[in-house]
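Reviewing the structure listed below.
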Amino acid sequence: MSKINMGNFFEDFSIGQKIIHPLPRTISEGDVSLYIAFTGSRFALHSSDVIANEMGYDKRPIDDVLNFHLTFGKSVQDISLNAIANLGYAEISFPNPVYTGNTVSMTSTVIGLKENSNGKSGVVYVHSIGVNQNGDEVLNFKRWVMVHKKDKETSTGMNEVPTFAESTPITEEINIPVVKCVDTDATGGKFFFEDYVKGERLNHPEGITIDDSDHTLATKLYQNNAKVHFNDHMMKSTPMGERLMYGGIVISIARAISFNGLQNAQWMYAINSGAHANPTYAGDTIYAYTEVLDTIDHKRDDIGLLRLRTIAVKNQKSSEIENPKGEDGKYLKNVVLDLDYTVIIPKKKTQK
Amino acid sequence: MSKINMGNFFEDFSIGQKIIHPLPRTISEGDVSLYIAFTGSRFALHSSDVIANEMGYDKRPIDDVLNFHLTFGKSVQDISLNAIANLGYAEISFPNPVYTGNTVSMTSTVIGLKENSNGKSGVVYVHSIGVNQNGDEVLNFKRWVMVHKKDKETSTGMNEVPTFAESTPITEEINIPVVKCVDTDATGGKFFFEDYVKGERLNHPEGITIDDSDHTLATKLYQNNAKVHFNDHMMKSTPMGERLMYGGIVISIARAISFNGLQNAQWMYAINSGAHANPTYAGDTIYAYTEVLDTIDHKRDDIGLLRLRTIAVKNQKSSEIENPKGEDGKYLKNVVLDLDYTVIIPKKKTQK
Amino acid sequence: MSKINMGNFFEDFSIGQKIIHPLPRTISEGDVSLYIAFTGSRFALHSSDVIANEMGYDKRPIDDVLNFHLTFGKSVQDISLNAIANLGYAEISFPNPVYTGNTVSMTSTVIGLKENSNGKSGVVYVHSIGVNQNGDEVLNFKRWVMVHKKDKETSTGMNEVPTFAESTPITEEINIPVVKCVDTDATGGKFFFEDYVKGERLNHPEGITIDDSDHTLATKLYQNNAKVHFNDHMMKSTPMGERLMYGGIVISIARAISFNGLQNAQWMYAINSGAHANPTYAGDTIYAYTEVLDTIDHKRDDIGLLRLRTIAVKNQKSSEIENPKGEDGKYLKNVVLDLDYTVIIPKKKTQK
């Protein structure tokens, strides 16, 4: 038996199978600084211990998207190393904050399997749960990927497809400290929950160009070992012709760009769904705009939630894109991300 | 009212106006390691806790230039986002050491406003003070930038120009511990205050090439969000044709290169003035030489100060440059930095 | 006397001379995160404090190869700044673990000098010992470099060549905690000492492309100031035509790639010898395969050792290389590293 782990194929998965992903990861100040260097992110809660203290935390929690990348990265070897495509995400939530010094790990359960009609591949649906060293959940999501079959001649007949909530449910209790005051001089934003209206659109003006070393350093930091992101020699013999950027990089850049207009929306509560509409390569400049899909009140009187749709665009100002999809219902070729997510934002009464 | 912050224009400023810059920043070991990775800096005080302890510190303070970048970065959004040019700096000082774990923030006061005769722009003069979480000053400087006017038809008539000291005044008390011993085996340099003479020139032999990811990662780490440094798509439609490097990167590289010849000058006491003589782009190799403008004795008998002028040159050995300016009084096209600054260096009696 | 340190030439060395290398270095979480970003390394012991605790450590020790780079970097200024070639290494060992917060420094003793017959250069042999802040040895090695002579007309007649052990001796006591249990779900590998056989070959499938900023950031982080790695302007006028990658980068990438097949071999015990067979440049993709040269039992019943030979190849899959040398006994042009080293790997009884 070979000692080389070539990842799993469609037939290697079974419904109910539980996979403990290797490589628990202790998160450090080094990861946090690198994340700022990768994205230029400016959300105050993740930038300053002083602000974090004022907002009820012992020290600044790490950015939720960084938590996602570091925890998610663990699952690539087992789930998507042989993926033809990452098809979708659903019901992503961030149940507890993560701090430097925490060690995160992840387990996935197979919740669906559907062989494709061509017999060559199939879709694997997993429910993945990330926990810290105390077993507290820090990430919870479902995703589905298309993976190759080993034996293309023999049908498995698998056809179990789970259903997903249209959006991540919002819980009664939200696990962030009571927001007593928001110092708008420190956060850089004067707008609160009540200021946003459904249908509103924010054209974030910034554009950030991503280069080779930027995206490969980030993806290696996340210990995400999908070959398409690292191996230029291999990619040169594919139709892409070069390394494909890890889609998570675009999510991070889009979130960082969305700061301008959403400065006080410092918590990513959930990602309801996401599509990497087109590939991104080194040298591309990312722009973004955000639509407010919904304003969601909560029984807590200090905070509310905004359901947002952020569209990231490459090499074109986001203000030039009216609709990310063309008349044919397909994404425009410069649109690279369509992210439906929910953020927490304090109410006006917390303004200091 | 738009939620998007487009930065301030000339008319948005008024004399005496105080601007609290958002984004207090907790400085971490990650920032310190990244700074070494960006510059290759080798000053022993910032490299080793053991050396720092021997020199009277509880732990190693961060490099003064890193402090400058992290603190200064906060002011870009409010002061220079719409800058046509960063015109100058004066009276920069570093009143107290900064350590990892400290949280720095900055406030600026408008001290001058002068509309340009063309009516399209004006010069804004600010006095900026950076403090740590206890309110101790860690950075103090004046700078002036040329910014666009919103209304080019209506003259403001503003013409208040402050005056600046020719060099940052040297205070009676200097806020560094008494230097009891300098271990030259550890610092890598055998030369002390008394060894340097006015007029002396040091041709530092090293050259360091800066690439795209190097400079953009650094500038994002500093949360300096000036678009010209990040947005290659936008810059392609400007005469520059590509991203302009943040001038602070060149200051850092020049300072790191100056190590060879100034190994024991581990404290940046002040920057008296600085000019970014020409733009720097990815792929440029930076060289530097230093002239000793003055040797300045101090009442403390353990240390003295050197007023230095470091000239950074791109793509040409620094030894080939006799005078950074040509006969026409303009900087030679390869000269990229003319920095007049003052360093602290121990006296011979401290030699171990 | 010039204040500029131009490094040492052949005549500057004498047998028995002891050189204390400057720049003690405190190692931080920032260095650790950067190392993961540079390499994508996934060895669990260096990734997770929880795993490290289970394996008897107070916290995760740093990767042995990172220790090598950070400690070795100190010696470049004194030993190899004027090196024509780094000829070889022998008897490298890692006597004690290194943790973040430790400060490492290094001292070298000249153990051999041999003038070349052309009179223009000579070979300098040194024995270098790195210690932590308590004086505990953390790195011990011998290396030899070819350096220029200052005076090419006058022969020194030096011809003292030391002998080296064919491999680093294995000590009675091995300074790692008793391995009580290895959680293979966490390490990602199911194979233990008893599973490996002499002559076995592992074709690691991964390939990692290295870019300009990747390798220069790493080499600057290690404060290795050899000009060939940084100065593109200078290198353009050499036959290489561009910056040469620090050979240590390739060692790190090859070690990270070897994870797939050697997941539980988390300790680098020794490097017996190493050759940088061909130069590596930005844009090259590194692949690697490993041969098991020997399986070495030890009196400790929890661990054994594997003597390995890892061959790194550029821009070609490692499985395509049968023998790294051609019929003429020379390395194939795509082979970039031939590393003979010894790792520690737990025995089956530790499996949890």
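Labels A, B and C are assigned to the chains in the order they are written; within every chain, residues are numbered from 1.
Everything below uses one rule, namely that a residue touches a chain if its C-beta (ideal position, glycine included) is under 8 Å from a C-beta of that chain, and two chains touch if they have at least 3 such contacts.
If you're wondering where the values come from, they're calculated on a predicted model, not measured in any experiment.
Undergrad: What chains touch chain A and also chain C?
TA: Chains that touch both chain A and chain C, as defined above, are B.
Undergrad: Since chain A and chain B share one sequence, what rotation angle in degrees maps the C-alpha trace of one onto the other, as a multiple of 5?
TA: About 120 degrees of rotation relates the two copies.
Undergrad: Given that chain B and chain C are copies of one sequence and touch, is their interface built from the same residue numbers on both sides (over half shared) or different ones?
TA: The interface is built from different residue numbers on each side, given that under half of them are used by both copies.
Undergrad: Per the centroid of Cα atoms for each chain, what is the distance between chain B and chain C, given in Å?
TA: Their C-alpha centroids are separated by 36 Å.
Undergrad: Name the residues of chain C that each touch 2 or more other chains.
TA: Answer for chain C, listing residues that touch two or more other chains: 28-31, 33-34, 211-214, 217.
Undergrad: Under the stated contact criterion, what part of chain C meets chain A in this complex?
TA: 28-34, 36-40, 42, 44, 47-51, 60, 185-189, 191, 195, 202-209, 211-214, 217, 260-263, 283, 285, 287, 315-316
Undergrad: Under the stated contact criterion, what part of chain A meets chain C in this complex?
TA: Counting only chain A, the residues touching chain C are 3-6, 20, 22-26, 28-31, 33-34, 77, 100-101, 103, 105, 133, 211-214, 216-221, 223, 225, 227, 230-234, 243.
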